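First subunit A sits with subunit B, and in the next complex the same chain sits with subunit C.
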Partner chain A sequence: MSHYIIIVGCGRLGSLLANSLSSAGHQLVVIDRNEAKFDKLSTEFSGFKIVGDAIEMSVLRRAHVEKADYLFAITTEDNLNLMVAQIAKIAFNVPHVIARVYDPAREAIYGEFGIETISPTKLAAQAFLDIMRKDV
Partner chain B sequence: MRYRLYLIDRYRSLIGYTGVLLAIIGVVFIVPLLTLVFYPQEVRYAPAFLSAGLPLIIIGMALWYKLAPKQEGSFSPTIHEGMVVVLVVWVVAVTIGAVPFMLISDLTFTQGAFESISGWTTTGLSVVDVESAPRVVLLYRSLIQLAGGAGFAIIALSALAGPAGAGLSAAEGRGDQLAPHVRHSAAIVLRIYAAYNVIGIVALRLAGMTWFDAVNHTFTALATGGFSTRAASIGYFNNPLIEAIVIVLMLLGALNFLTAYTLFRGNFRAFRRNGEIRLQVALFLIVIPLLLVLTTASIYDNIGTSLRVAVFESVSALSGTGFTTVGYANWNSFGLFILVILMTIGGGSGSTAGGIKLNRVYVMVKAIRWEWRRAFLPQHTVNEPSIWEGENRSFISDQLIRRVTLYVFFYIAMLFIGTAMIAAHGYSIGDSLFEFASSLGTTGLSVGVTTPDAPPTLLWGMSLGMFLARLEFFAVMIGVTKLFVDGRVLLTKPETPDRTVKVREDQA
Partner chain C sequence: MKARIIIVGGDKNVYFLTRQFIQRGDHVTIINRHPIRSRELARQTKATVVLGDGADISRLEEAGARRADVLLSLTSHDQDNLVICQIAKKIFGVPRTLALVNDPDNEVVFQKLGVDVVFNKTKVIVSMIDQIAHFEDIATLMPLAQGRINVTDVVLDAASPAVGKSLQELQLTEGSLIACIIRNDEMVVPRGNTRLLVGDHLILISQPETHEKDLIILCGES
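Take a look at the complex of A and B:
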């Protein structure tokens, strides 16, 4: 089953996800403000690249957010991720919206908006704790 | 050392993908045999097609099963590797494509290869006598144009589990993507192409052609190929309705698939501001009245016929199709030169048409305008000249201008060299220019230089022009260079053979 996936932010994580999802046969649209960031995409990637600010409606419309099954907001800025995720969820009714959030304190707020979150900080903390627990 | 192992690994996969494309070409050779259902008396020609097609299918499938990576999406060729594959596949296709012509129509290898190259590249210059050729050969000619127009990579991507990544289709000049995944995109392109064909066949049948003629002319009009089943081409039918339908089909064939797709989805705004469409409309508005007043009005009796001829020949030349309704013997030099210009400009990028391509010309025109305007602006003004492609606006960067300029220069240089080549065979400069512009633009209009008894060197020179232009020069150059460079690494004996074996065992 091929999904229509939009990735906002084409950094290390974004390009990694985009490459592997695209070669798995999904339809990918990657948005980033900086065109040079698209250099990280490999030849496996055969989706669309859009240069622009994802909090602008016109950019999201060009990416056909209304058709998306998934939207990943994974820029390095928490607030921007939240805003994009909210727009996608509320204005465009995207079924699955996942945002990256560095600050664990903010996760609760995201939850209230019905946005799934992944916090690298929390994941890292958990990983450390797990290793410690094994040793003890 | 390690690089050599890496190359071996890459090339195994590349050969595997070459196999898929070869198998598809094999199928193209077998399909004309469907005519035998309707014309059983031609069954004696079947071995010629089977002997060309079956080995390709068998070898192709064997390579595919043996060498292509088993895991879906685990390998994707870069655009340069795509160029190698495309080059090899095209060389095999045009070579084997000559076989049926040699076996059935008694052509020499030179003539057969010329016809085959002219077919696959959707040119349409012909050395086959279409009046005496069996139907199965006629359909075969139309089919290779149909397949060559779509491009093998597109067919492979949508038909089979082709390679992931856009390297292959981009290398073949069909890189515009309609959907955010190559496979979806290829499937949409093929669906649009198929829909055009169905509409075209039905329309031409209703307009009075036989089914056989309708099928053949639809195939070759949409592929902007121009092979006809009649010696007088479309002129044989002498029917304004048929000409109108063929004009529409040629325009559709020369329309960039991405632009067509935005149009069909109802985005008229994107269609209207598309540079290629604007340039095309402008060209027709300038050229058709000129042709009418200065050329055709003085040749044909009434104004209606003159207009019909002017419109048809302009569209045929610009779209790179090469159908004609008249002979050019009584045309003046001005009219012929207008056609040369149109053939050189060509159709839409990523369509089946040839030539420099409308979008390149449009970029050049825009770039010149900006350069001019910049002289009157403050030094640090920020400009953003842009063009619309589909629904996307893209900016004209210096890099783009460099690429386009080099291409245009290369094209004009080839045009001059080829014209000189034909002139060296004793033809007038006008005839030479026209005929080579027609080869290079993969158009297929002819002033009579292309004949079955033309000298072999002439035919090969024109064949080379068609081949290079279809793959847009750089694909061939980079493909050949890469093959040489990599070939040297692959063919040199490794210095420490023992270690090679060991490393390979480790990998296994």
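Take a look at the complex of A and C:
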């Protein structure tokens, strides 16, 4: 089944996700402030690119957030990700919203707000500890 | 009533706000992420200054968020203001949070997301410009009593319907008053029989509800 997926932030993670989801047949919209970031998208990427700041409602409307099945907020700014995720969920009723949050303390709070979060810091720490446990 | 106020971020206005609050007897703590600015604020004001990121839970703790009555988040980034207010409320139970929004579209969303007061800077400035553009010869000198009284400087031009009339004939709305007339840089004490001339500056004291009506009586429909 094909989903309508919006990715905010086209850095290393954003472009990786966009490329693989697009080639899997999903409909993609990628938003980034910096047009040069779109260079990381593969030539097979068939989705839309929007240059703009995703905390502006007008940019989200242009991306047709109201139709999205998924929104991933994965810029390098925790607060921006948290704000976009909440707007998508509350103002546009996007069913699945995930925000990347580097600060583990902040991540814990927003779990309680009903926003799904991924903390790379926590994940990496866990991966390190898992390897260590195997060795010891 | 003395309040415990936390102010996060902000530029020059933080200094003036802090000074005002401290004069009133409030207790102010500032969280600012710029070392030089923080040092200046600590030197210039009686506020407690915490250096760091206002969305960082340990900085809020350090700033006494648990006992704060109000938190104002005034950074130039809407996303930071939102998250700071949400953390202050959720984790520290701050009773009142105020966020500055720069993008006017965010005002409603912020209210939905639990911020108590949303200060929409763009909207306030636009409405001020509208007022000035509407009556271009009018400058609001000062709002008094929390904005319930306006003091305005109204300049009469040749098209003003009030020119040539005496103050008696003017019939301003009830509760309004011309406190003073400045004519050729000299003050004229207004009396019932004083006739108004082109170029007169009228210092008008009025109330917001009837302010516009008085301006029409003095300047005509614009």
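We take it that the second predicted complex is superposed on the first by the 136 of 136 C-alpha atoms of A that agree within 3 Å, B and C clash if a C-alpha of one lies under 4 Å from a C-alpha of the other, contacts with A are read in each partner's own complex, and residues count from 1 in each chain.
Assume a residue touches a chain if its C-beta (ideal position, glycine included) is under 8 Å from a C-beta of that chain, and two chains touch if they have at least 3 such contacts.
Please read these numbers as outputs of a predicted model, since none were measured by experiment.
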*Record, for the superposition on subunit A, whether partners subunit B and subunit C clash or fit.*
fit
*asked:* Between subunit B and subunit C, whom does A:114 touch in the aligned arrangement: first, second, both, or neither?
replied: neither
*For A:48, is the partner it touches subunit B (first), subunit C (second), both, or none of the two (neither)?*
first
*asked:* Between subunit B and subunit C, whom does A:87 touch in the aligned arrangement: first, second, both, or neither?
replied: second
*Is A:79 in contact with subunit B, with subunit C, with both, or with neither (first, second, both, neither)?*
second
*asked:* Per the contact definition in the header, classify A:95: touching subunit B only (first), subunit C only (second), both, or neither.
replied: neither
*So, A:29: does it touch subunit B (first), subunit C (second), both, or neither?*
first
_For the superposed arrangement, tell me the lowest C-alpha distance between subunit B and subunit C in Å._
20
*Inside the complex, what are the residues of subunit B that reach subunit A?*
72-74, 76-79, 164-167, 177, 179-185, 391-392
_Touching residues (chain side subunit C, partner subunit A) in the complex_ = 55-57, 77-80, 82-83, 86-87, 90-91, 103, 105-106, 109, 112-113
_Footprint of subunit B on subunit A - complex, ascending_ = 2, 4, 22-29, 42-48, 50, 62
*Using the touch rule from the top, collect the residues of subunit A that touch subunit C in their complex.*
55-58, 77-80, 82-84, 86-87, 90-91, 103, 105-106, 109, 112-113
